[in-house]
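The following pair of complexes shares a single chain, chain A, combined with chain B in the former and chain C in the latter.
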Partner chain A sequence: MSGRVSGRVASAAFLLLLVALPWISPSYRFLSIAISTGTVAITLYGLAVLFGQAGLMSVGHAALMGVGAYSAAILALRLGIGFWGALPCAMLTAALAAGLIGLPSLRVSGHHFVIITYAFCTLLTIVLTNGGDATGGASGLDLDPVGRLFGVNFDSVRNYYLLVLAALLAAMLATDLIARSGYGRTLRAIRENEALARAVGINTALHKLGAFMLSGAFAGLAGVLQAYYLRHISPGLYGGLPSLYIAMSVMLGGARVLYGPLAGAVIVNFLPEVLSIDPVDSRMAYGAGLVLVILLLPGGVIASLADLGAWAAALARRTAGRWTQLAQGR
Partner chain B sequence: MAALEISGLRKRFGGVEALAGVDLSVTRDAILGIVGPNGSGKTTLFNVITGVFRPAAGRIVWEGHDIAGHPTHAIARRGLVRTFQQAMSFPALTVAENVGIAWARRRMAAPWAGPDAILDFMGLSEQSAEPAGRLPFGLLRRLGLAVALATAPRLLLLDEPGAGLNEAETAELGELILQLPGRDIGVCLIDHDMALMARLCQRLVVLDFGTKIAEGPTRAVLEDPTVIDVYLGHRP
Partner chain C sequence: MRQAFAAAALAAALSAFGASGGHAEDVIKIGVVAAESGSFVSAGNTIPAAERLATKEINDAGGVKIGGKTYKIQLEVRDDRTSIDTAIAAARELVNDVGVQAIFGTESHDFSIAMTKITGPAKVLQFTGNSTLGQFLTKEAVARGGANHYVFQTEPQEFQRSGSTAKGVLALLTPLMAQPPKHSVVFVANDVAGRYLSSHYVRALEANGQKVDLVYYPPDTQDFTALLTRIKGMKPDIVHFWYNGDETLVAHPQAVQLDVAPAYFLFGVDPGVWRERKLTSGAPLTLSCVPMCWGAPPTKAAAAYFDRYFGMGATKGVQSSVSLLYYDYLHWYVKALEAVGRLDDPDAVVDWLLKSKYQGVVSAAPLVFNDRHQVTFATEVCLVKPNTSGQFKCAVEEPPAAPPPGDPGN
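And now, the complex of A and B:
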């Protein structure tokens, strides 16, 4: 079986497992952790476009989820716009927020940009905490249940899980299409050599801003899904630490491979909860793990697993060849 | 009127006047060489023309439009494209992708059918699936020129295309550059290799401390006593 075919079979089996999860899930808690992991993973796919393709890292993406979440909550509270109407609006506001941060901050590059995204994140927490009635202050805002659409009740955990899964698969598909498109190639050119990209006629400032806004839209979508699942949001969810976890997850999983961000979300969000690891222990483990991944596996765990697979296949072929030679008496 | 008309161009870095009022006209039918000692303002001139730096004063008129201070990408899309002194590429992308990225941005009709034809012209067809970062230096230099050609330029500004190449590689690259005006691509180049410049350029401009100290047909400029004194130091 060739590597490509076995890869497809593994992908199909994995996706089937994800779809079947509500029926085979051992507990309510398990499924609930899967939902929150899925929402974070959607943000990670947006960040994977920004970091993996355009080469820009943000440690403020939880704030963009927060913009999406608070947009949805405020739309519901003030205008009576429910979940389905809030989805596109929140994606738009999160993208616009990313645009507002990006306009001044993308003039600088590298770690300067990273620091500004972190500053924005902290700033947003302060604004939300002191927003009075508009944001509910430190105690935050409540949301109504999602309700029904086309006769399907999304208030059941199983159906909400399937909704998040559908959004996650859409995010993965979108990321993959972007990476394969001419737009993805343009972003990679900027990542590889910005001066040369400009010299061949690429408007690098525009495309960097576009990539940041696009990743903001992913985060906005994730923010709404998370907010309606939790049904209560508060500023602490969208501060510096959650943002760092998001950035770390993308680096751990790998931003340039399709399953990388999902793997990052599972490692950072899903496993410690399911295995009930002490939060302090897991934080220390991640700190150490992140350093190790950056030093030893710069492409992330999934890309490194693929390399390992290719190495094992080559080893197997060589060994098989040697056995054949021995069997033929040479 | 020349394709590129530059007048009174000034650029200052701190206390140093890198360009102290340069006038220059570049036509597309003859190769123009720019020479001068290190720090005389040659690369700064290219950087200001292509919008990397904004000029302090002066006009840069390209095909009838004043492009002074326009962004680099917009100038490139008008067909005024530069290469870099350092061999530049998109290292993690393949040779074909490198050229394809530039080809996708072209705004003018190109004298080549497609990126493959350009790779063929530059002698890079065999390497098309290789990551640019793995090319040996000589081929990386060629890739730089291939990427620039893929933008379908009307005038190419080449910043030391032969830097780091050995004599044979430089001569081969020179022969390729010589063919460009015949394909309706104007060439203006900077280089320190006087043999290469004498072979390629019909006209030379000599810069020193940000001012033009000589200009004219190549042979005449190379024999100009001021130029010999300031730059060449001896008769070639």
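And now, the complex of A and C:
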């Protein structure tokens, strides 16, 4: 079996496992943590487009989730628009919010862009906290359950998990399609050498803005899913610290490989919960882990594991060849 | 050592196969969700500690007698890790996987609100200390069929706590000041609890004749000097550090250094902590506890409670007294179960709780839930004798029966 085929088989088996999870593990706790991890992973896939393809790191993605979540909540409370109607609206609002931040901030790059996205996070928290009745102030807003669609009751944890999983798979597919498309190649050209890309006629500012807005739409989707799962949102969920965790997760998992963001979400959100690691200890471990990843595994954990696997396979082939030669010589 | 290990391994193996010595069906499972790790650990640790003590006392006294059968309480404690996702997962697990009868916790407003979306539909009673719940516990919401019918707030309504506290602070500080205080500044974190709590406290101070300015600081601030300098410019008679005891202990020394005001009030800092840390203040200073102080218990029952509580190994911390927002209520809930005589009728338990009175430790007067599932009791305030660490004069002022002008009461 070739490497590519075995990789596809492993991917299919993994995805099948994710789909079958509610029937394998009846624990609500496990499913609940999986839902939280899934919503974060969707945001990470959006960030993977921005960081992995266009080379722009944002530490304001929790705020974009917040824009999506609050859009959904306000639409539900003020206009009576439920989950399904709010979903595209919230994605659009989050994309527009990303565009608004992006317009002035994409004129700068690197550290300046990172700082501006972080400032947006802080600003949003202040606006939401002081937003009065419109945002529920510091107390936040409440949401009704998703309800039924085509006879499926999404109030059930199992069905909600499957809904989040479907959204996650869609996010993964979209990320993969973008990476393989001409648009993805354009973004990578900007990432590798922006001046050269501009010299060959690529409108780099427009494409960077587009990538940021696209990334924002992913975050908006995740925000709606999170809001309807928790059914209570408040400004604290979308501040600086959650944003830093999102940025750290994508760096740990890897932004340029398909399973990197999912691995990042699992490492940061899922494992400490199921292994009951003290959050303070895990923060210290993440700090150290991030330094190690940046120094030793710049492509993230999954890319490095893939490299390691390829190296091991090559080594095995060479060793087998040598043994064959030795055997033939004897 | 080897024998102990073998015994422990055998016990673990037996429990894993569900073959423990007792009858598995003769337990009442009670859930606790609280931060035993993460940044809220200071308050969070007190909830399981209080419920472990209450559980031990109930079980040692013979258990819970329902319908001719005796049950032991089995406490199911889950650490929310100061994360809303974990709190929700814990609530899902306790309600759906474990099948608890009731949940106590959490210490955080947002977590508690989100948990009610799980406990409510499952008809699992939830007792939580957050007075910020007042906004959600409307008469309609707690009525039968309402979203919060099974939620009980174990802390008084905020206007009552604020009123009791304001009266205590002014009564203790005024005799020590050169002239009666007229101008107060309330200094509080700009977060959900800070905004909610201070809105009531400002009204309570105004009702007691104070002109009040409210200054917010960003949560997690460590350097308060810029804001304190601004407050000094307002020339206050008293600066009230409101609500977060841990942050208050960082901010207050900076205020003293800057000589911001002639007198101070630190909310949520127990005199016991002041004594143990050997802190002193030249300026008149009052401290208050949520709801009564382990460093200066106002009643014999409270003193005995804290002896038992710390005797179980609980930490002596800034917020140890928060445990009292949970301890009495497990005892009260068990009485309700016994009175109703059934485990499968949570509506009857709610009805019984609403018409009963319970003489607990937290209050000299019996506890009663009002028609919004809230209780009433006073808050203890203590004056620290200037330049001492361990000499206190305390007061427990009765809370007002009605909200002051401008306070909506919820």
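We adopt the following convention: the second predicted complex is superposed on the first by the 326 of 330 C-alpha atoms of A that agree within 3 Å, B and C clash if a C-alpha of one lies under 4 Å from a C-alpha of the other, contacts with A are read in each partner's own complex, and residues count from 1 in each chain.
Rule of thumb we're sticking to: a contact is a pair of C-beta atoms (placed from the backbone, for glycine too) under 8 Å apart; a residue touches a chain by one contact, two chains touch by 3 or more.
Computed from a prediction, not measured in an experiment: that's the story for all the values here.
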| item | value |
| --- | --- |
| Which superposed partner A:202 touches (first chain B, second chain C, both, neither) | first |
| First (chain B), second (chain C), both or neither touched by A:279 | second |
| Residue contacts on chain A - larger count, chain B or chain C | C |
| Partner chain(s) touched by A:28 [first = chain B, second = chain C, both, neither] | second |
| Chain B versus chain C as contact partner of A:139, first or second or both or neither | second |
| Chain B versus chain C as contact partner of A:189, first or second or both or neither | first |
| Residue numbers on chain B that touch chain A, as the complex places them | 50, 52, 71-74, 76-77, 81-84, 88-93, 97, 100-102, 104-107, 147-148, 150-151 |
| Interface residues, chain A side, partner chain B - complex | 182, 185-186, 188-189, 192-193, 195-205 |
| Residues of chain A that touch chain C when the two form their complex | 26-29, 31-33, 36, 129, 137-140, 142, 145, 157, 229-232, 234-237, 269, 272-273, 276, 278-280 |
| Interface residues, chain C side, partner chain A - complex | 37-38, 79, 81-86, 88-90, 92-93, 95-97, 109-110, 113-114, 117, 132, 135-136, 190-196 |
